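Alright, structures below, take your time with them.
There are two complexes below, and they share subunit A, which is joined by subunit B in the first and by subunit C in the second.
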Partner chain A sequence: MEFLSYFGGVFEPTAFLLLLGGTIGGLILGATPGLSPTMAVALLIPFTFHLSPTQGLILLGAAYTSTVAGGAVSAILLKIPGAPANIATALDGNAMAKNGEGARALHLSFLSSGIGGVIGVLLLIFLTPVLAQWALAFGPSHLFWMAILGVTVIGSLDSRSFVKGLLSGCIGLWLSMIGFDDNLGAQRFIFTDSLAGGINIIAALIGLFAIPQVLDMFSKGRNSSVIEAIEVPKQAFMESLREIMRSGRSLSIGTIFGSIIGLIPGVGGQIAGLVAYDQAKKFSPDKEKFGTGHPEGLIAAESANNAMVGPSLVPLLTLSIPGSPTAAVLLGGLIIHGIFPGSDLFDNHPQVAWTFINSMLIGQILMVIFGIYTASWAAHIARAPVPIMAAAVMVLALFGAYSVQQSMGDVYVMLSLGVGMFFLEKFGFSAAPLVLGLILGPIAESNFTTGSLIANAQDGPIIYFMTGTLNLFLIVLVVASIGYSFWSNMMHGKMAKAERATS
Partner chain B sequence: MNRFIKTLAVGVTAAALSAGATFAADYPDRPIGVAVSYGAGGATDFQARIVTMVAGNEDVLGQPIYIVNKPGAGGRVGWNWFATEAEADGYTMSAYNIPHFIAQSIKGGVSYSADSFEPIANWGADPAVVVVGKDSQFNTINEMVDYAKENPGKVTLSGAGLFVGHHIAALQIEKATGAKFAYIPTKGGGAAAMKAVIAGDVLGGINNLSDAFRAQQAGNVKILGVADIERNTEFLPDVPTLKEAGYDVDNASVNFRGLMVKKGTPQAVIDKLAAKVPEMFAHARVAKRMKAGGSPMKIMSRTEVQAMWAKRQETLKELLAGL
Partner chain C sequence: MTASRLQHTISSSVVFLIAAIVAYISFTQEPADAFLFPRLIAIFFVSLAAWNFVRAITGVAKVGAGLDMKEFKNIIPGLAVMLIFVFFAAKVIGFYLSSTIAFMLIFTLYDPAPLNNGKAWVKRLIVTVCFMTVMYCLFALLLKVQTPSGILF
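After this line comes the complex of A and B, so read on.
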């Protein structure tokens, strides 16, 4: 209960103002396509030079939490996920916005972010010592199996057809191989300088989600039915609150998966939302509603990606190991103030550590308040006539892709992937499994390479990858997941056949 | 006619010279970007952010410096971009890491070499150290080397990638001791390599002195030796150099960090930067932050860096020749 005595620090005038500023600024940065949480935090580091360590960390922590949640705004309203964490949010969230339920989607998204986030931070407060050891248990072989486990859900993710889901996943895995191999430096599929750095995930996200949409809007032309925008019904906050209270199942699935995945260094929040979304779909009685604007999917995805924030800091704060790129930037923010995470942080600077953690708790609540406030007017974006929307999304997509690393190469990659995806969508493929392949490919590959090198120095790859409790457990999960996919696909086929026979 | 051409030629030359002069006098009239070839949060990134933080002061450059991260493949992506696509106008600089980019250019497969760039100044020198987990069976570097001699290829050593300082140190240790190690390049830089050591995925590792110092302070690792010609009295006065331990390893793997511009940048701009940038590195506020972060500083002028690059080029060529 040590943390309670440091709550005062959060409410000191300067600290609280920074927390407010960080939260609001973070929401705006997060909602800007192309600005990932990692970049937002890196941009703020110079501001912390002039602050005390505690104040600096409060600013960075607030920005981290609220950029993750802010990414939901562009994912829902524009179908441009601001960061990999918000991919799953775009699936059902944007469908809801298109049905005129943008305000409801934003309310639900911020509420579930807040609930997931608070639970994640509480885990950080109470279970840090236990969790730290757990995070270290994942070596290269386990991370490899984790990534394979992720690959097995590709087929069932956001796709009517199991085979087409797998196919787009394979395209994603192939795209992820482009560029230099990160372990050994081999060059693959680089035929132009734009591809030397591989496919940048943020640029790819923008292209795959935003461009097909823009092309779709343009292809509809300028007839009056398109120009007339949809109505945006008012959404009472209390109603959203009641709805979230009823969604215990997807909330808990999101929070549990988000916290577990957030804890594992190297996998991070990129896939937390997608995995939680997929699991919520598997456990839901209304499977077929997912992808058509079903709130359950949105709630699972958003609670997962904010639940991951707290646990992702466990390896950083206790062992000085940054588990995610954003945590690495936070580490830099600590070090420049002469504070080394680890036992030093909690023993010698407890006021810094606990004030920081407490501020993230308060930050979650502030984020919900401001998020809900913006929702009431942000949802009116759906009223914008389609041609104007198309132009605006296009501009945001171009700027977003360029700003990631100030490179025109990323813009070309974004446009090519977007146009490719437009045609793939015409054949019933969807972007989410492709992106999952793109994210998981490098994780699986680099851990396999590292693991093999270690295995060769020890007892060989079979013993290294196939023995040990955690390895076996993950292998069982992989087999079960593949089995489940085939089984449900077969049942689905049988049911469809039976339906045809009766009709 | 002849005279006319002569006058014209003189006029053009004068105009060109004065244009050059005004360009240099105005430089810099807008913010300057620094491309860092590693991800945000890594040691090079965060040190680059610290050493450039006072650039906007009127007595330094008068214009702020901002950082652009271009990570990938141990720095190859960023330096390839810098050598092929960046403009040679002084408004795009790059952070260099020696021996990384020189070793990579010797191994080939990249579009740059030491001749593609012009050094401006050096800010830091981070020696490679040998680390093991806190519960490791090895307490001295000699124990580790002896074990490796008895079990060739069984001692796994993690490092930030291939042909970076850590790898060079591992190669030098192998050459000096005659023992065979298994060097494991990790994805995700020094932080991932350190994680592998702390978690026990590998028996030991080569890492940056600054990062290893922090991990040691946190009680997670033991530092067995420093790959430098003398001990680091500031941070690790008690850790012997590899030379003291009896192995002929010099400072070829020390990670020098500094700023460079592309070849073809106007000489006046290079001169201005070469004069101002070392002052910027020496600023009291920079020094304070660098010390707080456990980052050893080593400020070197443009001429000193040129000599250092040339010397590294030779040593590395020799070391990598057999591979």
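After this line comes the complex of A and C, so read on.
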């Protein structure tokens, strides 16, 4: 119950204002189609540079939570999911809005997000210290394998092609090695002066997540088609609250599946929402109503995608393995403040860790209050013109990258990585494993170097890195994550071939 | 060879070339200790890139829709504005002025409203000024970020 003693930190004026700002801003960003939670968090990181670690993490955590919930607004009113996590929300949410139940759908969506989110954060509170204590037993060889596992899990599970996912991870690892090696006094892969200090993580995160989205908005051209948003009639809040109380089955299905999926590194909210929706349909006596505007589908999907947020931080805060791409960006936000996940975080910075986690709990409640309050004018947010958004995100990205070290070199790196990532994404590569490689690369290398020194003084590197129960367990996990992905890619290919043959 | 397969082959060749350069530098540069970890990564990088290249040539690599020429043409003007801003205008005429111009240009380039519409120009101007004022307050006044001032602002 250590977390209870750090609740006061959340209510300090600056911290609470940041929590409030992050929640409202996150709801607006989430409701805007085309702006993903990952990009929103990446764009916010430069601002946290000027804050204390606790305040910075509160802002990022609030934005993470509320962008996922805010994404439901555009999914319900426009049938455009604000984030991949809201794909399942659009299935019944939009149908409800078309049936004149837009306000009811928005109320149910925010309430189920809040309930799922609170349970997810409670899981984070009770599981994290246990795992963090377990992580104390880790030596350099284990930490090296953990970092490699982080890259391979995201590389193989978060990508459509496991070869390209792992290649993205390799590109990230290579990028992390660019610059001057302080330990051995060598210049590595410095092709231009802008790279002399290495690649700044914040500039890279902004480039990799914001610039591809800006270019994607550009690719639509001078699109004059106006998105039709459905008007939201008023609805009594108490009526929605009573309805959510009666929806125990779909709410518990969503929360349970969301929490479990959040704990699995590399599997995002998109899968959580879809799996929960599918399971809610299987267990429902009204299966045929799903897809036609049935509240159960909406509640299951929304409770799942927010229940996933807390547990996705468990492997991040204890073992440095992010549960989702947005959690990977949060890891970057932690590292720039000189804080490393694991036992170090809970032993040496308990105030940072617990105030951040507590703020996520309070953030869920604020998200519900402001989400419901803004529901009536949510349609206007969701209709923000694409050219303004493209220009605004571009300028924010440029200013954000520059402000980190007040260096144009970072802006060059940000833009080059962003444009490169846009083209790589067109060919099936993804940003999440690349970012993981970039963030976990230095952790893997420093533990590899320390481990090699220990190994040379003992029985050699092969015995040091490849033997021992924990090493073998981690190696098996690395191989299993790659093997599973290879197998599922093969099965997917075979099924596609069979489908083509029958059609 | 179809356009999609050709695109996949080109993209995988570029990735393979990068992997080969990384491997070459890792195995030829000194001190060897500083390049031990890069060498380890380079082995996996080259192997995966070669595998990806072979898959692209044989037409197995189909993940990713590739580049649509219409979309690519739409991107060029906006990308050009970004590149001119970053590599030229920001340092020469100043960060704030050039970003204001870049914002306005991108808004205009992708705004579906006709260019001869007076009201649309007023809207663009108001939105640009409001947004850039917020940026100035945030970065210059609140965060005290010193931006390149160039010959203007």
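Assorted remarks:
Everything that follows uses one rule, which is that the second predicted complex is superposed on the first by the 271 of 503 C-alpha atoms of A that agree within 3 Å, B and C clash if a C-alpha of one lies under 4 Å from a C-alpha of the other, contacts with A are read in each partner's own complex, and residues count from 1 in each chain.
Assume contacts are C-beta pairs under 8 Å (C-beta built on N, C-alpha and C of every residue); 3 or more make two chains touch, one makes a residue touch a chain.
Bear in mind that the values here come from a model prediction, so they are computed numbers and not experimental data.
With both structures placed on the common chain, the touch criterion links A:391 to subunit C but leaves subunit B unconnected.
Residue contacts after overlaying the shared chain place A:469 against neither subunit B nor subunit C. Of the two partner chains placed by the overlay, only subunit B lies in contact with A:197; subunit C stays clear of it.
With both structures placed on the common chain, the touch criterion links A:188 to subunit C but leaves subunit B unconnected.
Once chain A of one complex is fitted onto chain A of the other, the partner contacts of A:425 are limited to subunit C, with no touch recorded for subunit B. By the document's definition of touching, of the two partners only subunit C reaches A:174; subunit B does not. When the two complexes are laid over each other on chain A, subunit A has residues 181, 183-185, 406 in contact with both subunit B and subunit C. Touching subunit A in their complex are the following residues of subunit B: 33, 39-42, 45-46, 49-50, 53, 67-74, 76-77, 80-81, 84-85, 104, 109, 153-156, 161-163, 182, 184-188, 191-192, 194-196, 198-202, 214-215, 217-220, 289, 291-294.
Residues 38-39, 42, 45-46, 49, 136-140, 179-185, 187, 193, 196-198, 265-266, 315, 319-322, 325-332, 335-338, 340-344, 405-407, 409, 442, 446, 450, 453-454, 456-458 of subunit A are the ones touching subunit B in the complex. Per the touch definition, subunit C reaches subunit A in the complex via residues 7-8, 11-12, 15, 18-19, 22, 25, 29-31, 33-38, 40-42, 44-45, 48-49, 51-52, 55, 61, 63-68, 70-72, 74-75, 77-79, 82-83, 85-87, 90-91, 95, 99, 102-104, 106-107, 109-112, 127-128, 131-132, 135, 139, 143, 145-148.
Within the complex formed with subunit C, the residues of subunit A that make contact are 47, 50, 160-161, 163-164, 166-167, 170-171, 173-174, 177, 181, 183-186, 188-189, 214-215, 217-224, 385-388, 390-392, 394-396, 398-399, 402-403, 406, 408, 411-412, 415, 419, 423-429, 444-445, 448-449, 452.
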